[in-house]
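Below, chain A partners chain B and then partners chain C, in two separate complexes.
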Partner chain A sequence: MLRYLATRLLRALLTIAMVVTFAFVVLRLSGDPALLIMSVDAPPEAVEAFRTAWGLDESLWVQYVKYFNAILHGDLGRSMRDGRDAIQLVAERIPATLALTLPALAIKIGIGVPAGIYAALHRNSLTDRVVMTLAVMGFTVPSFVLGLLLVLVFAVQLGWLPSGGDGTWRHAVLPVVTLGVGGAAVLARFTRSAMLEVLGQPYIRTASAKGVPWHAVVRGHALPNAAIPTVTIVGFMVGSLIAGAVVVESVFSWPGVGRLLVVAVANRDLAVVQCILLLVAITMVSSNFVVDLLYGALDPRLRQSRAGGAG
Partner chain B sequence: MTKLTRRAALAGAAALTLPRPGLAQADQRPAITIAVQKVVNSNTLEMAREQSNVGSRVFGCYAEMLIDTDWIGDLSLRPGLATAWRRIDDRTVELDLRQGVRFHNGDVMTAEDVVFSFGPERLWGAGGQQAGATLFSSSAAGAAGKAPPPEVPAIARRTYPGFERIEIVRPGVVRFVNRTPDVTLEGRIARNVGMIGSQRGFAEAESWLAWARKPIGTGPYRVAEFRPDRDLVLEAFDEYWGGRPPLRRIRFVEVPEAASRVNGLLSGEYDFACDVNPDQIVDIERNLRFEVVGSTITNHRLTVFDTNHPQLRDARVRRAFTHSIDRQVIVDSLWAGRTAVPKGLQWEYYGEMFQADWSVPAFDPAEARRLLGEAGYRGDPIPYRLLNNYYTNQTATAQILVEMWRQVGLNVQIDMKENWGQIFDRNSPRAVRDWSNSAVFSDPVSSISASFGPQGQSQQVGESRNEEFNRLSVELETSTDRPRRRVVFRRMLEIAEREDPLYTVLHQTATFTAKRKDIRWRAAQAFLMDFRASNWGV
Partner chain C sequence: MSLVTIRDLAVSFDGVPALRGVDLNIPPGGALGMVGESGCGKSVTWLAALGLLPGRARVTGSVRLAGDEILAAPPATLDRVRGGRVAMIFQDPASSLNPVHRLGTQVVEALRLHRGITGGAARAEAKRLFDLVGIPDAARRLDAYPHELSGGQNQRVMIAMALAGQPELLVADEPTTALDVTIQAQILDLLNRLRREMGMALVLISHDLGVVAETCDEVAVMYAGRIVEQAAAASLFARPTHPYTQGLLAALPPIDGPRKPLAAIPGGVPEPWAMPPGCAFAPRCPHASAACQARIPAHVAVGDAHSAACILAVREMVPA
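Right after this comes the complex of A and B.
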């Protein structure tokens, strides 16, 4: 088990290192931050001075080594545009983003999983078809379209909720619903598929044939076995809590990490972009790590194989 | 030391709890919210740094210049923080300062504040105003130091290329002195770079950045809170010399999506929605509670050429570009006819400098094909670096242009870019890009020279260089012979728009602001929004 954990941890660290490296290289190949931060009005000598001050005149390799070394020492750099620590800028925005993504996650799980289970248990019924039609609509409609549609109905026509901005819980309703609906649709479809696959297994028929009540079969045999793919999707959703609302934050003018990311990318504010991507990578990797552990809890066969030393 | 007795303390506490009519009375003035795409680009409110269309929208609320411009009326210069001005000679303007003007920190404006506002602390850095001399405050654009970041002296030099000094003649009277003769000094003084700030306010700011995010000006509203990339809250400054402001509070809030701005207006959250697209106007005005105001402003959209590109070195190819554009089609199809094709890079408010008989190159595809044939152009690709709708209708305009150019045989390929840094990047071939030019005062120096002259952005980024044009540009800036200046300007237009095109004008810019119909408010012929008492009513 320890070996399994160590392997997973090593993989997680490698993934984070790769993300950091990729972000570092791509950002530096996609535009000169000196021109963007200093503006095109700045005289050439000023632009050069800026590059020198930020180490942008050094070779890419030297910059990379310094950057990586700084990360290892807990220094995520300073914003070239704002002058403050990048982590401070990002940390200021995280609560706003979580105020959207956490309730949205609750909606996704709270609606998507029960809907998927219900549809699977009533396969080919009218309810199943209605649920699946809504699910298909839910994840095929882009979030910016859904967001604008909700605004038109609930803000412009009915006047019940604000169309954007922040400040009160009412401002969060439409963006949370916009985020939640798409995710709930995805979860409903995955849960339904997983349940249908499990319900077709011989051990379900055996349990039923032995006279186990249907609700007990579902609860005791079908749900735990169908949970693995659902947990995997939920893991991805948890991993995208920090930067999973970029489009929705733009549509609803919500001052979260997503909008900061858009502005930072547009201005090539390297430290801020890298800081956000690093946090996203850490969140995603951590979430997947937890999901891996949950697999063992959900499936005794995996638990036993890990205890036996399989990686 | 004064002894605080129990009786005195009780009396003080009682006094604090008693109703005070002046303070207890609620401020009945309205507070409004204005949805904008961006409040400012640089995340500063210092106009010597924030030289953008969006920034010029908000600055008039909190800052003023010595000489004002009648942006809503006839665009003429009018008294601002100076009540009068007069020419001493070709290089000198003397100004009488308005008495009793207060800054937002309560200080009375003095001649020393004016000198500070045009001085090294605010504009030039420790190197002074000599070309090339800059002091780098910090690598984070002034985050820590007190000196202005390097782009500020660059902007100042471009705005006041001949600036020598500003001096106090006597209390209440200052002189703006140029090194060289300049008939446009008054117009330059009226530019927003010359906003008058409080010397004490600057001294007390922790850093240049702190000042730039909360400048202490004299405008009708003071900066209450500025959250970069989010919003700007302004509060009424009741000691404003021009009378009590009509609004208690103005909040400019960033709403990047145009549809979201309009939705917020229609749902009642915003009172104004700026940068409305022309195709949204009909839908907005279908609701009788709202209207769209605004029209053409003193800004033209241009296509700019990099004459160093192998396909564009031959002026005949660039001339072909200019003749193959049916500008009226763009105006009619994308702007619903709400803007116009101007007479080149000039505006009627130039007065005697306006060349009424000038026009943009005629739409003449046959002439364009002839020129391309003469130039031996073989259809080699010409890159067109494009931002995604930085300007209204920018992408759609570009697509129409590319098709028009294709009709005459020009193989122009759109190369989408994310930012201006990528537009100006010299590491790969540049050829065609978009731009807009404003006339910030009523003389061609403010546009054609400022943009395409030796100190202009186009030459600064290495796009083009025409020696005769440069000589004329300097002459236009320094000559005081008005008939001669008119001839010089004419020749500059001939070179830059016909003979050796540096750019070609597409159409005049129009800006549209949607608002509540019950608010009586007039849009300026510029991006600036005026919320003084003279321009407000409900």
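Right after this comes the complex of A and C.
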């Protein structure tokens, strides 16, 4: 088990390092921040001075080594726009993003999982078809379309809720619903198919054949097995708590990490973009790690193969 | 009185008939073998009787347990019958046990449901059952998961779980098909011993005539959703009357004498949606005539407790 954990941890660190490297290379190759941040008609000496100040005049390789070394020492750089620590800029935005993504996650799980279970248990019934039709609509409609639709209905037509901005909980309602609906739809479909797969297994028939009442068969025998694949999807959703709201934050002008990312990319504010990507990589990788540990808790077959030392 | 009486049991899936009228009597403590090719309805008979078929199955007829109708009985009644009075074990023991629960937990669940035993007493009883069915190191196996045991050991666990409710009838649906031959023999011996010791009736569903011959007092041969011949095991093997039964026995390799090719029955089982009129076996039958297509042949008593559903079968064909 220890060996398994160590391998997993090493792989996680490797993934993060790769994301960091990739982001570094792509950002450096996709435009010169000096030209964007300085005005177009800035004198060449000023642009050159900017490059020197930010170390952009050095070779890519030297920049990379310096950057990586800084990260290892906990220094994520400063914003080229206002000179503040990138980590601080990003950290300020995290609560706003979580204020959207956490309630949205609750909606996804709270609606998606029960809807999927219900649909599976009433397969081919009218309810099943209605739930699945809604689910298909829910995840085929892109979030910006859904967001605009909600704005049109609830802000413009009915005037019940603000169309964007922040400040009160009322501002959060539409973006949270927009985020939640798509995820709930994905989760409903996934839970339904996981449940149907499990309900068709011989051990479900065995449980019925030994006289277990149906509700207990579902709770005690089907759900613990269907939870194994469902946890994967929930894990992805947890992993995207930080960066999963880029589009929705932009549609609703919500001052979260997502909007900071859009602005920082547009401005080639390298340190800020890299800081956000690093944060995203860390959340994704840690949530995957937790999912992996959960698998072990849920599935005795996996637990044993890990105890044996195999990855 | 019969323990289980099945009358005119029929099942169809989405309008396609799978079982076309089955009559059976299981006496208390009796052992009935049910043989036939896959799809002939031998498993469906018992899944239908116990209400274990999926919702799209349409089941008609009557299934009485000690006189009480259980077909379409309320779920609470069925839950007491299943595992409590009639237990069932299945073909593939590894996938018939829940992979995420410990074996002991799965047996204890049956003990709690049918005998109200919980806690330490339940665990002790589960261990006794494991010992009874010959699982070595029973105490430790209670905490194991299905994937840690072999197929044969898992089938023993299934049997222990079936015994937990002290059933009057155990339906074993191809219990040895997924196991290798030496394990097969051990499981059959175990079923035989338990039946004798516990006075429990046994229905053994198998496509293997040899398995049935060793274990059962009586045999029902099924073809295309019907019982075509039923008799005491000795009588059936000595004097098979229905041409299908004759064909099945002729297809068995003889243990002595010169080697010769096995006699296969020509043709295939008719598809359930394209049943011939009259006798379903007629298209493959060497003795078929135009009369076979006129109507479905009724069972004719051909001897003492020996009947066959064939127009060629006549009374006293099998001397008493």
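Going forward, the second predicted complex is superposed on the first by the 311 of 311 C-alpha atoms of A that agree within 3 Å, B and C clash if a C-alpha of one lies under 4 Å from a C-alpha of the other, contacts with A are read in each partner's own complex, and residues count from 1 in each chain.
Rule of thumb we're sticking to: contacts are C-beta pairs under 8 Å (C-beta built on N, C-alpha and C of every residue); 3 or more make two chains touch, one makes a residue touch a chain.
Note that the coordinates shown come from a computational prediction; the quantities given were computed from them, not determined experimentally.
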Legend entry - When chain B and chain C are modelled together on chain A, clash or fit: fit
Inset, instruction - Report for A:148: first if it touches chain B alone, second if chain C alone, otherwise both or neither. - result: first
Legend entry - Cα-centre angle that chain B and chain C span when viewed from chain A, reported as a multiple of 10 degrees: 150
Inset, instruction - Could you say whether A:299 touches chain B, chain C, both of them, or neither, answering first, second, both or neither? - result: second
Inset, instruction - Quick one: classify A:84 as touching chain B (first), chain C (second), both or neither. - result: first
Inset, instruction - Quick one: name whichever of chain B and chain C touches more residues of chain A. - result: B
Inset, instruction - Considering only C-alpha atoms, give the closest distance between chain B and chain C in the superposition, rounded to the nearest Å. - result: 50
Legend entry - Touching both chain B and chain C, residues of chain A: none
Legend entry - Of chain B, residues touching chain A in the complex: 42-43, 51, 132, 134, 136, 138-144, 149-151, 154-155, 158, 209, 227-230, 253-257, 259-260, 263-264, 266-269, 418-422, 424-425, 457, 460-461
Inset, instruction - Using the touch definition up top, name the residues of chain A that touch chain B in the complex. - result: 30-43, 45-46, 49-50, 53-54, 78-84, 148, 151-152, 155-156, 159, 162-165, 250-253, 255, 259-260, 262-263, 265-268
Inset, instruction - Report the residues of chain C in contact with chain A in the complex, numbered from low to high. - result: 47, 50, 52, 75-76, 79-84, 87-88, 90, 92, 95-101, 109-110, 113-114, 145, 147-148, 158, 161-162, 164-165
Inset, instruction - Name, in rising order, each residue of chain A that touches chain C in their complex. - result: 201-203, 205-214, 220-221, 224-225, 228, 298-301, 304
